[in-house]
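Shared between the two complexes below is chain A, which pairs with chain B and chain C, respectively.
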Partner chain A sequence: MTVFPLKFRPAAHGQVLFADDAGGFFRSDEDFLFRYAHDHLTDNDNAFLLRNGHAFEEAGDLAYAGFEYRFASRLYAPGPLDYVILVPTLRCNLACGYCQVSRVNEHTPGFDWSDETLDAVISFLGGITTPKMKIEFQGGEPTLRLDILKKIREFCRSRFDRCEFVVCTNLQEVSDEVWDFLGLPDVFVSTSLDGDVATHELQRTFKSARTAKFVENLDAAIARLGSDKVSALPTIDARRPPEPASIIDAYTSRGMHSIYLRPVNFQGFARKRYDARASASAWNAYHTRFIDELVEHNWTADVPAEEYYFVHCLRRILRAGHNGHVDLRNPNIVGHGYVVIDHDGKIYPTDEARMVSRVGQFDLSMGDVFKGMSTATVDALNQEASNNFHPDCVHCTYQAYCGVDLVDDLSRYGRIDVPKHETDFCQRHIAIFDKIFEMMYSDDAKVRKSLAIWAGVPNFDASLARWHQ
Partner chain B sequence: MQSIPTRLELPSEFLAHLSDAIVRFRYLHPGVMLQVEESAVLLSSDKDERSDRELEREFLFCLYRQKVYADTLPLRSALIAGVTGA
Partner chain C sequence: MIDLRLEIDPLPIVEPLVVRLRDTLASCETEHDATLVEANGTRLEYDYNGFSLGLRRRGNESFDGDVILVFPGQRTAHRLIRSASPHNTFLVTEQCDQLCVMCSQPPKRHHADLFSQFALAATLAPLKATIGISGGEPLLHKERLFSMIEAVASIRPDIRFHVLSNGQHLSRDDVARLVSIGTERILWGIPLYAADGSTHDRIVGKDGAFDKLERGLAILMKAGALVELRTVVMQQNKDRLGDLADFLFTRMSYIEVWAIMQMERVGYGRMNWASSFQDTSIDFVGIAKAIDISTARGISVALYNFPLCSVPGQYREFALSTISDWKRKYLDICDKCDSRTACGGFFEWYSHNEGFASLGAL
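This part shows the complex of A and B:
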């Protein structure tokens, strides 16, 4: 019998977590680790490992093939291009202190698509052969160019079988015409609500009248469009975050039960005002406090709530193929399944790559809509997009659930070969996975209730988190 | 003040992986002094707050990981080739 490679990590109370490349995991103790490392496994050990898919008798047998299937299912394979982020303008009517997307003042000329750019974008979209398309309008404030949004939607509806449009808007000024557009059946709204109203004002609107206007528009959007068509994200400054309970209340009281906490992003102009590079530990402490507060909330709430990214990571542990978040994939191949088209027609593999390029750090553009895509730079980046043989990740228990984010590394450190354990990406994900495994092996009824809700199962059965004694 | 080194005897079957483990341990824990004496390592630190026992365990785990990695590399390569068709 041969054991598939096991990676291990000390856990609480002298226990040790073991995991393999296919994402199988169990907890045992240091005695088992000793036996495993010294090639002294007992019959009981071997039986457990074989029974639970951690070992095989000979290459090609059912256990081996099953492991390979699970391993392959963990790997991300980009699909055809069917998701395009469009930035028709960089102009914005807010000036948030940590703006992540390189905005300019509302009245600054020269930062909108020209007619030629619009024509070229439409021509680019016309060359995509997939039957479905998701368009996300970003900015700046995209509703400042509602005329462009309408033309793009009209074209896409004539070109693709199925379309979905997401407008990322600050909901600060919403004209009747914009309301009409947002109310269309294939249009969705994504906005920002930075926790409680006071924090939102501190970080975004700065004046109470503007804050009141935003809150009025947000509540009107939910009332008019329905909470299923409106999503909001809080951007959190880990140095002075709002109380978790206040965020949960601000969202759930508006019928929004999936909350995606985002730390202030180091990319874009945020770097000028915030030391986000060294904030991983503060963020991790806050994030775990938020999860604990959610657990308390869910214990008695009629409608439970979740933290989107935490649940995403939980599901990546429990199931393969959970690749819906572009920042957490392995390999994280960029520039294929989706692209970003900037205000000047340049094409980028990700929105973060656009920011990195905008601040002059690296040019990660992939050509433009006038001359076509050029993937040489991104192809070079993609050669490092896997964590399977990374010298740090090969020893990490969480490798199968984790991913890489090379653009994030480039943005923060100007290179992609910084020791993983020193990167913000690694520190944040180690903390999240530690927290998830701590919860999965917890006997606390409150914890198990939330885990079941987040995992989408009636009960979080103990067999989901196995032990080997 | 320099702390007194803690001595960790190594099983003979792990000595083949010692040099790789030392490289990796120093990379992960640059503040820890490490010396090799035949089949043992001496660990000390005046910067690291971990106890002798924790330092020993860290090094031992590092050694275990290197051995597991080396022993299973052909299998891992075969598995990767199998799932990627490479």
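This part shows the complex of A and C:
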């Protein structure tokens, strides 16, 4: 019998968490670690390891092939381009302190698509051959260019079998025409609600009249379109975050039960105002407090709530092939499955790459809609976008669940070779995975109830988090 | 129960004949079509290339698009394909190399090779039909089976097959052929009853079956085949479903679905009912655990042949209506039930006084 390499990490109460390259895991003690390290495994150890998928009898047998399959299906392979983020204008009617997207004032000329740009974008979309297409309109405030949104939608509906359109809007000023567009069956709304209303005003709207207008529009959007067509994200400043309970209340009272906490982004305007560089520990402390509050909430709530990214990470631990989120993939191949087209027609692999380029750190553009797309630069980056053989990641217990975000590293540190454990990305993810494992091995009934809900099962069975003694 | 045999006037034929019945001449597309020319009470008369083909119906049944198989000298025809039904299965052989305790179709020694007739029938099936291939063990006649599927695929690429096999007769050499047939064309229904070989072998009545099956499942994985892993729940394995869930996750995450199935009280299933039937209406613990573990890990689970009211509410969404229409029935208690249309009901041969103890209208 051969044991696949095990990586390990201290857990609570002198226990040790073990995991393999396919993401199989269990907890044991230091005695087992000693036996494993010194090649003194007992028959009982071997039987456990074989049964639990950490070992095989001979290469090619079902245990071996099953491990290969689980390993391989954790690797992300980009599909054909079927998701395009469009920035038809950088102009915005709000000036949020931490604006992630380097916006310009509403009446500044020269930051919208020209007619030529629109034509070129349409011909770019026309060259895509997939049957389905997802378009996300960002900005700036994209509804300032409703005319463009309509033309893009009309074209896509004639070009693709299935289309979905997401409008990322601040819902500050919504004209009747914009309401009509948002109400179309294939149009979805994504907006921001920074926790409770007071925090939203502090961070975004600044004046109570504007805040009231936004809240009125948000509630109207949910009432008119249904809560399943409206999603909202809270951007959190970890130095002065709203109370978790107030966020949960602000969201669930509006029928929104999936809350995706976003830390203030380091880029764009944000980097000029805030020191987000060393904020991982503050964020981690807040995030874990938020999860604990959700557990309390779910214990009695009629309709449970979740933190979207936490649930994503939980499922990435439990399952192979859970690659649906662009922020957490391994290898994180960018510039293929989805791209961003900026206000000037330039193409970028991600929204963050657009901003890294905009502030002049690096040029991560992939050509433009006029001359065509080139993946040469991002493919050089993609060569390094795997954690499987990265010297800092190979020994990490969480490697199989984790990912890589080189654009984030570039933006924060100006390079991709900072030791991983010093990066914000690594520190945030270690903390999330630590928290998840602590919860999976907890016998607190409240914790287990939330875990069951978040894993999508009636009961979170104890054998999902196995012990070996 | 829907009878899969039809009473016909004997035909002057020397070879088994496959015919598709059509109500109108306009819908006849091939030389294998027979057109309805006269309906006289229960007797229907068809024109088959100038010959008369007479058959009897019960009630107002329509046979339009059905494909029948007629043997020389016989007064009954087999309804191979009922065009309005999603449940069409070819019993390609009655030979088998296992003797499973719950077998609903006990094996026979003799094999009648009708693959050519089945291939022709499949090409006459409705658009995008899925055809079941059952036995016996179909892979005992692997070459004929693969040839049949290839022949159908070349003429009717829209047809899919659902092959029920014990998965023990595949070799590494078959991988290339499975790939060339097209992995999306075949869903393999493969039974596995326990994660430990001795329990599985005892249930299927064959020493070494588990080891052979493990090799077969690894080959199907290599080929990228679609597999529906099937586990009939019985007294013999009800306490081992959690272990089996772990086994499936660690070894076979590639499966499309894990079908956990209730027993069918016919064949050996009837003979061994008392010692095998597990009343899951009063003890669902093992299944609940299996569903919890597998679903959390992203393995899709479905319950086949479970009446909805036998399943605890939290797990009812996993219970699919799977009993084929022709052998499905409902009980008196079902008359008052609001979930009847979503429920697959009971097998025709289900006997309630030996069956589920805790049922009731929903």
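Simple rule for what comes next: the second predicted complex is superposed on the first by the 469 of 469 C-alpha atoms of A that agree within 3 Å, B and C clash if a C-alpha of one lies under 4 Å from a C-alpha of the other, contacts with A are read in each partner's own complex, and residues count from 1 in each chain.
As a working rule, a residue touches a chain if its C-beta (ideal position, glycine included) is under 8 Å from a C-beta of that chain, and two chains touch if they have at least 3 such contacts.
Worth saying up front: this structure is predicted, and the values here are computed from it rather than measured.
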item: Partner chain in contact with A:394 - chain B first, chain C second, else both or neither; value: first
item: Which of chain B and chain C A:2 touches, first, second, both or neither; value: first
item: First, second, both or neither for A:458, with chain B first and chain C second; value: second
item: Which of chain B and chain C A:315 touches, first, second, both or neither; value: second
item: Which of chain B and chain C A:359 touches, first, second, both or neither; value: neither
item: Touching partner for A:95 - first (chain B), second (chain C), both, neither; value: neither
item: Partner chain(s) touched by A:61 [first = chain B, second = chain C, both, neither]; value: second
item: Which superposed partner A:202 touches (first chain B, second chain C, both, neither); value: neither
item: Touched partner set for A:53, first chain B, second chain C, both or neither; value: second
item: Footprint overlap on chain A, where chain B in one structure and chain C in the other make contact; value: 67
item: Residue numbers on chain C that touch chain A, as the complex places them; value: 195, 214-215, 217-218, 221-222, 242-243, 246-247, 249-254, 288-289, 291-293, 295-298, 314-315
item: Residues of chain B touching chain A in the complex; value: 11, 13, 27-28, 57, 61, 64-65, 67-69, 72, 75-76, 78-80, 82-84
item: Touch list for chain A against partner chain B, complex; value: 2, 4-8, 10, 21, 33, 36-39, 59, 67-68, 71-72, 75, 388-389, 394-395, 419, 421
item: In the complex with chain C, residue positions of chain A that touch it; value: 24, 51-53, 60-63, 65-67, 69-70, 73, 315, 318-322, 452, 455-461, 463-464
